[in-house]
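Two complexes come next, and they have one chain in common, subunit A, joined by subunit B in the first and subunit C in the second.
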Partner chain A sequence: MTEEASQMILRDPQLFYWILFPITIVMIVTGVLRHYATVLMQSDPQRQDLKAIREQRNLLRGVNVRSNHDQIPYQSFNARKTSLVAEFKRGAYLKDPDSVGKPAANPMTDPAGMDQMMNMMKGNMAMIIPQTLIMGWINAFFSGFVIMKLPFPLTIRFKSMLQSGVATRDLDVRWVSSLSWYFLNLFGLRSVFNFILGNDNSADQMAAQMQQMNPAGGAGMFGPGQDPNKMFLAEAENLEVVGGQHDWILHGVETRVLDLY
Partner chain B sequence: MLDERKLAIDPVVPENVAHNTRIVTDIRSLTSSVCGIAAGILGLESYAGFVFYLVGSVFVSMLMLFLVADGKPGKYFQSGIDLWTTEVFGTSSVASFVLMWTLVYNLVRA
Partner chain C sequence: MSLLKQILDHLQKHPQPLKTPASSFQLARFAPAFLQSSDSHKDTQETWLVYEQLLLACLCVEDDVSASKLLHTLEQRFGSQRSRIQALKGLYDEAQATDDRELVEVLRWYEKLLQEDPTNLAIEKRRIALLTSLNRRTDAIAALVNLLSHSPTDAEAWAQLAELYRQQGLYQQSIYSLEEVILITPNAYNIFARLGETYYIASPNDPEQLADAVRHFCRAVELCEWYLRGWYGLRLVTGRILKEGQGMKGKEGLDRAKTERLYHVAGERLKTIVRRAKKGDKGWTGFDKGEVLAAEQLVKEGE
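For the complex of A and B:
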């Protein structure tokens, strides 16, 4: 078992000052720059005209009445429900009553949709370019040597990734090159960015990746490609279904208040 | 049906839930960095280091329970376990722990 004894490599302490800290500082600074660049590059949300806003808000009103129907007494709920259902069926709030039968707006031509897509693409670009640049810089200047020892062991398969410049067979996987320090920083600096830049900062790569995996969340109800008339009719049906059971929340409130005391 | 009614009477407001989770996450990422520095100074190796991280997060959870949540986790979180397990293994706190641990381990051992 003597081969298992830990391999010691003596290193110049100046290694740390010239390699570890500069990589970390550069990554923090580029993260901050990237965040501000993203914030500045995003175009202002466009002012929508009255009819478009009215259409969106009324659909939301239908959804709200449906989900909070217990909070209001039965007669009020009924009155709201019948008027909303009649209006939705009539198409009273449509932005463009002529386009009832036509297919949904193409995201390429609809200006509101175009904006959303451009913003997403700008965000992606702002994320990818600094990462590529920094990786290239590290590979150019800091390759060919191992710089530090990981406190925990890893399997052999990681050797090729973490010891990128050094081609030895027997060196422990725990000795890694500076590229792995870059990866450690990539994941570990997210919390530092959370502290410096506040939440929802644009330097957070993981949150952006998770957003990309939920495409339904971003476009929302009013993204391009949805037909407003169909949504109104669907909402009218939902309202009619809900109206069957109504359990006013204030029934039995007297017992609940007395129970508190 | 009964659950829905209970939710209607005591609604779960998503903004408040998000705020609470964010506070827990912030506290955890900061304390796991400090935990990493401590692990590096002590010179802990593989398993000992991770055990130290778990012990540290349990300790931080207890502190959060008594100092921040006033001993009543039910008031702030949906289930009793949430205070102890949110973000313990989530990427941001484990990553900061490992980052600080590696950095200080190397600095101290030279």
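For the complex of A and C:
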């Protein structure tokens, strides 16, 4: 009868040697191979020409002035703000002043953007192909039986996923097939990869997923599809907004120092 | 412990190995042994870091034989087209030059490289350094301004420009450049101290400027409790304000009472630093000996 607490199935200890270890070893080896393949496949970062560098870094300077405006006296900040706002508005730092009104560069045609997209796609491919292959291999060779008991309870819905080959009604969900061992390994081998390959390895699936979810990450401010002129104008506006308030950090510093010491 | 580990250990303990001739010599003496050992053939990031540091140290102490061997190995590994390798080769050539004419040859080489690849930042900086050592200050300043027009986020370049302006006596421009450094790294207490020094040098008699100098020094010691130059500057400028007497009122907030208290606090701090540095207490040995002596002198004058 269905007793949730103590369904025991006697297992051949040879199951460990022939199923659990091989799956784990194969996953570790494919992870390491994937890491090296990714490292080798990545193309060199594109050399940017002088105008592009100039554009990027002057925009960064605008951001710096805005973030740290309290550190310098009001007159200095005001002088910088006025000149920066004027320059940004007339597009003095644009790499390509003629393309002001045009729509943003299409990643398909812009070579710099193309590179970044290709790198992202290569990374994705390197992740998906091994996963698909291993799952297919496990389904082919290791299906039709349960192999282990999970130490934590789960709901009934997981039965179809974790007991894929075994069609019973009464078997406790805690008994799972080898596919679930694959899933457990997928998440658990991260620390093993950190140990073998050092800290930021490309076999780490979680890091790749988080990078994809964070749009402000890899592509950066100057990735494909960004209009530099709009960014300059936005920065000019930000500077004007910030310019209304200025609290020089050196006001009252002598009192603070005397209080400290 | 392998030789590589020893050198890395040394570099970690002495993060500025080339600051004085003595410390450069300490590092350079590793070079001949390192070149002989098997560690020099490993192909890891650490090895090449050690190569670069040893090369710079050998150039400082004129160990040209080791330097040329190190440079040669670096060129073979990374190719002589890499900008970093080109900069190191330029350094080596400058060190080998015996007179100004040869230095000008190296300068021409730099200019040729820059024409081929205007984004070669390492060579651009080397060229500026060479112009400075050739005493062509106005050319160096012009070249720096050019560099900063396309890389205004380079704090090192702004700091160098501030130094060059200060040497030419252009104090307002020097202050502008130092402020740019602050905008990039707002917690750089040494730059605040430098600003204080520049305000003081620029106009030692103007009460407004002196008050600003005091404020900058205060910020420096607010950020770093035992910063010797900060306390020294504070003591010096407050001492001057108090000595010049009634004529100097200063901006709001910096009245005579506060100035006196700052003067005394700075004096106490300097005395503590001098005492503990001279005794060689643990944790107090990092101060530069010359600076400690100067601080001692200043405090004695005030007594």
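The criterion applied here is as follows: the second predicted complex is superposed on the first by the 250 of 261 C-alpha atoms of A that agree within 3 Å, B and C clash if a C-alpha of one lies under 4 Å from a C-alpha of the other, contacts with A are read in each partner's own complex, and residues count from 1 in each chain.
We adopt the following convention: a contact is a pair of C-beta atoms (placed from the backbone, for glycine too) under 8 Å apart; a residue touches a chain by one contact, two chains touch by 3 or more.
Treat the numbers as computed from the prediction; the structure is a model and nothing was measured.
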Touching partner for A:L50 - first (subunit B), second (subunit C), both, neither: second
Contacts of A:R256 with subunit B and subunit C, given as first, second, both or neither: both
Subunit B versus subunit C as contact partner of A:S191, first or second or both or neither: first
Contacts of A:L239 with subunit B and subunit C, given as first, second, both or neither: neither
Contacts of A:P13 with subunit B and subunit C, given as first, second, both or neither: first
Touching partner for A:V65 - first (subunit B), second (subunit C), both, neither: second
Interface residues of subunit A shared between complexes with subunit B and subunit C: 71, 249, 256
Residue numbers on subunit C that touch subunit A, as the complex places them: 118-119, 149-153, 176, 179, 182-184, 186, 212, 214-216, 218-219, 221-222, 253-254, 258, 261-262, 265, 269
In the complex with subunit B, residue positions of subunit A that touch it: 11, 13, 16, 20, 70-71, 148-153, 181, 184-185, 187-192, 194-195, 199, 206, 247, 249, 256
In the complex, subunit A residues that touch subunit C: 47-50, 53-54, 57-58, 60-61, 64-65, 68-69, 71-73, 76, 249-258, 260-261
Contact set on subunit B toward subunit A in their complex: 5, 8-9, 22, 26, 29-30, 32-33, 39-40, 44-46, 49-50, 91-93, 95-96, 98-103, 105-107, 109-110
